[in-house]
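Here subunit A shows up in two complexes: once beside subunit B, once beside subunit C.
Showing the complex of A and B:
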């Protein structure tokens, strides 16, 4: 598997790089097409008096050509990308005292911590609900829980955040409304961020669990006479968690790059506010830097998920041993052709297991 | 068939493998957790005394004021952000400051000053004991160097550019400043700012300006420690690095979250500095209550309140006693949009729309609003009722009919272009529909679209106004000369095709600055309406007049003439409202954009 794996990895990394170039080009082009410029928007959004008309145009021109006097746009792009390759995005327009990579270095650990805690909390909520609902499929308890879960899914994070502030701060006076001074400032944002994902994950756990419970090895485990709890947790739940990895990865990635409203409301100095204001204020270096960073996080997470998935479920490696492949891994011809040409190429781009609709019994046989 | 066999074997023999693999999978999560745990010590704000200022206000040390303030990206007072107003409250100190009423000036870094008989030269004597927070003496050249930075548009090497949002007020009228800023003057020695000694600073004005001294109390006139600005162009604004000369220095700053100020131990007037610390919550206005919930939860002692929150506070029996309001400069106004449809080029139509705007009703919409009856607000000294517009729906209808749109028939839908939602716009549209029977519509667009579209010539039958709010110093030169300046009014009065030509000339980079300025001036002098040209002459004459009564009369005449063009239309004047805890003593609210200074404020424990 060695060279095959490395080759696979190289191909994937190559694709990541190509995608990043595409992302940067699209972002830069869109930014050029967007109306307004940084200086004008800064002026109206600052709500303060301005110098009036005198000299303003020259100031704007001088500012916009900081990448060099009257540099054409395509050259600005190249100058930016040249720096980006060496992790030097240059100073932000809006935060001129900070380089974009400094902003990311300061704010990312904060957003990442929030994201991680939220995902862990979401899993802690989702697992019991999902398992319980699956075990009592179609019972009133199942329906009730799925109703709550759908409600939680529909509830936007900003609404639950506002509700939490009303409850814990405005009414009970238990928690500080906002700030970033200690663990007490984590409770509300983490909870607000976890509710939505918890609902999504609970549904995944339920359907995945239902699927696994129908597997013959589970039946066999029950038949063997193992305790019910052991069968459910060790055999059924463990295996039904595997597809969850594909959901949790991107979820974590999107939360890690910051959540605008939650961070702004709770005054959390994470990436979210920087990212949001970058686009709104036409801050080119910050927007480009943040978009590329987001893309890297997302792609790397996806790559990791695929790798982890392959490790967790060896069948996904499509090793051509004639073993069962997941539904949707590709046609048999594809797989056979590959095997005919190169026996080492065990790693292929895995298409992730589709959870909905659950794989039915006839597909498995 | 084989599938089930494999599955069972996975269950029976591959159990340990699965477990290990699962662990491997979760190790990815654990790795991320570890990474953040590593940074854990610096994850939160570094503050040794967090506990003592924790929520509920228990055991907070004496003389800590906690304050909510709108978030800002930089504290550089030469860049227009909310940071410059915080800087003015007491991080930096200018030559002079405003008196408690905001009507006159008192000494600050300057002990005294003299004005030449022709009103053109101001000589300031700086106190010798004024010091920067690093112990350096504050000298006259600090001011000169700072102002040179202000007037140099693209000083990327000197601590960031002013990014087109330069905070200089052109009405201050320093000789050569606007020209230097615009690039037409490059010789700094021609600009009217000179350090004539270590402790003597001289300003030369282009014209006498009775508002000059008040103009010096603006953030753009604050001094910076230029050695650190130039020596550390990127770090000079950081907490701990920022060298300031006001009563306080920035000791902690978590971008987008919080800031702490502590006393500058080298400040010359330490006897009037009572607070041992100011903790500032940097708030993004993302939702109603963002500012007030911290106040009601006893996390902050002072916060600005607006809209629904202000109404709620006013109705609450306890909170209403803590509400303080100050008449301020915020004016909501309309500005005519250029359009290929000439309907609004007729001043009768514009006047009709203004006479039927329903300002009394608009003022009912929000707390602290008053009908805006002129572009110059009524607490500018010398303002009188003769400037106030009197609404008259019957006259509006008559004018509309006279202009060829009886009962609004034939008039295209009037649009209000805005970058943000405002209930004032909805109220105005209702008033127009009700009073005049015309069609009107709000056009709310994204900020970038707004800034671009409001200067364009609108195509087709798109006619209307853009909506804006403005604030400025309460002096005649600012109210008539800077806000909706004669140049702005002249440009707005240009016919659509000439305006297009004007814009092309403005953005023509092939022209030299001087050449471009001349071409633009030519376009204006040939095509501006006689009234707007007269306005420019009046303001110029007023600025050059030394007799105060005569000058006031000229400014008033100009203000009246400007209002009668109905190119810019005032809607409401707004007051600012604050909730201030009774423990805060010595806080003096002024009608100025920074509202108060930190100096002199103390916290009285046990006051209820």
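Showing the complex of A and C:
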């Protein structure tokens, strides 16, 4: 990989920093443009409920102690960003006793646990279904599984969550419907979160697998006398999973940054819930802090996906290092999409290229 | 040697597409002798590749082998681990015959890559892009239980060196895309020959490489042939056949239209299609004579004309005689043709 790789990494990190600045600016601006501010909204809601009017005082105090009285908005932004660089977002408006980074520190592990378990479960469901369906393409088994997959895909998460509660809590009395005390609280939200992604991934695995099974090197491996199972796993499955990384990465990121509905439904104190509350109540520090945090998670995941991709596919690894390399007289597949103008392109492009199979023509046939 | 190495009789392979049946191969027969090369020549769509792949049953799921035999003489092996093939003992005792088309899947697997090697058109596509050469070469030996891991690696390195790949110790650790096209093709041949199969099927092994490399690949295959391996060479290039093959089978629309020793076919083609194929060859044609392309295009297998499938494109066709089927007829000099006019002329 050498210096070419380090240069690549440096450029990517530089781009992440630029993106973060842009994200923070846009979020801050939008927040200023949004009607109402935290105090207004608190007043309205407290007027309705007649509790929490004392909180407004605390907020004003907390705000002024950090940002000073009557500072212009651009200065607020700068003060916020100055803190943000050192991972100090200041106190939240809504929860004035807590700093935003403390909220993130307690809520993120919860969302991350949920996300990680859901993705693992989704993969455990999707892989066998996808592979099996591909191996029996156009058979009744294939059609049946794809029907179920479409059903799972179409079912919204909150609906399956409600169904799970009905089944496990209301009918079987096996699991508590809400809370965050232990594994018994994990099962239903993880299941509810995994069903949709599992359906998407199964479809993806199937079409990717179908494509790989048609590759000449799979035939060639059979021609060498390879046992069916070995050829399918080592040659077909292994290569068809590489593009999956590009789907799983962003999926994991989006789940990690919180899933408002599921968290609300099961009363899980995850990040999504805080984020939604922050947006609704114009809680500037919490909203800015969580937005920036989400952005970092997303971009780091994307970077990781690209790096993992390079590890899994030696052709891309070679590209990222010493610049683009013509793949001999090779097939159109490899000379396509690489004109060598930009060193990064090898990584990015080939990723895009790999993203295309799920909706390719053969599935329509 | 008693009898041919491979004897194919009346091979018929169909593709089922909805309610339609495409007869891609319609009754192909040929023999391959040890140490000799047979070319199967024809345009794309003539069924030559399907014929080759039918032999090892490496066909897409829509394909059915409807009929035929492919009798291969394979050496009797003591067990899966028996490594020595070219041993002592009389030929008839040491061999048994298997029908490749009727063999159970489990036994077929032991024949694939072991008794019959296969070389593909494009090594870039026929080698797994994400596995090193080492992995792909050694797995071949390991699958057939020929030797252990360490020895497999040694053999693989030696095989790469034998086909003229420089620094095989280093190259074996690289991925296929890191080799040049010619080297990749050699590596693929080395891989196929690792197990010393008695028969090698080469499916257009020179089509995807540069002209300068073509010759090297052919020379490599000549070496393989001279070591006693029988070769089935699929090609659309009569130049390749001339350079390398002892006999030629010309296929058109799934049928054999002519079979002859290479020199006889090139000097005096009998079937009008062979004549046309020769006339449209850049390399083999008489330079003083203009190229004569065959008019029209290969027929749609779903809508084949009755009788000789070539007659709509044939300059010598006479209706209605050409609309009735014509089997291969053996001429006095032992060659065979499926054109009644050629038979009448002879």
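Keep in mind that, in the parts below, the second predicted complex is superposed on the first by the 294 of 365 C-alpha atoms of A that agree within 3 Å, B and C clash if a C-alpha of one lies under 4 Å from a C-alpha of the other, contacts with A are read in each partner's own complex, and residues count from 1 in each chain.
Just so it is clear, contacts are C-beta pairs under 8 Å (C-beta built on N, C-alpha and C of every residue); 3 or more make two chains touch, one makes a residue touch a chain.
As the structure is a computational prediction, the values presented were derived from the model and not from experiment.
When the two complexes are overlaid on their common chain A, residue A:308 makes contact with subunit B while staying clear of subunit C. Once chain A of one complex is fitted onto chain A of the other, the partner contacts of A:226 are limited to subunit C, with no touch recorded for subunit B.
Legend: residue contacts after superposition of the two complexes on their common chain; A:181 is shown touching subunit B, with no touch to subunit C.
Shared-chain residue A:265: touches subunit B; no touch with subunit C.
Among subunit B and subunit C, the chain that touches a larger number of residues in subunit A is B.
Applying the stated contact rule after C-alpha superposition, one finds that A:129 touches neither subunit B nor subunit C.
Once chain A of one complex is fitted onto chain A of the other, the partner contacts of A:273 are limited to subunit B, with no touch recorded for subunit C. When the shared chain is aligned, subunit B and subunit C each come close enough to touch A:217. Of the two partner chains, neither subunit B nor subunit C is touched by A:251. Contacts of subunit A with subunit B, set against its contacts with subunit C after fitting on chain A, overlap at residues 215-217, 220-221, 235, 238-239, 312.
Listed in rising order, the residues of subunit C touching subunit A in the complex are 56, 58, 61, 109-114, 118, 120, 122, 124-131, 139-140, 143-144, 175, 177-181, 184, 191-192, 208-210. Note for the complex: subunit B touches subunit A at residues 1-4, 6-8, 10-11, 18-19, 21-22, 24-25, 28-29, 32-33, 35-36, 39, 43-45, 47, 50, 54-56, 73-74, 80-82, 84-85, 153-154, 156, 159-170, 178, 181-183, 234-238, 254-258, 281-284, 286-287, 289-290, 293-294, 296-297, 299, 419, 446-453, 468-473, 478, 482-483, 485, 487-488, 491, 506-507, 509, 513, 593. The touching residues of subunit A, when paired with subunit B in their complex, are 34-63, 66, 70, 91, 93-99, 106, 109-110, 112-113, 116, 119-120, 158, 162, 165, 169-170, 173, 175-182, 184-185, 215-217, 220-221, 235, 238-239, 241, 245, 252, 261, 263-265, 267-269, 273-274, 280, 282, 304, 308, 311-312, 322-324, 364-365.
Those residues of subunit A lying in contact with subunit C across their complex are 137, 215-217, 219-228, 230, 234-235, 238-239, 242, 312-315, 318, 325, 327-331, 334.
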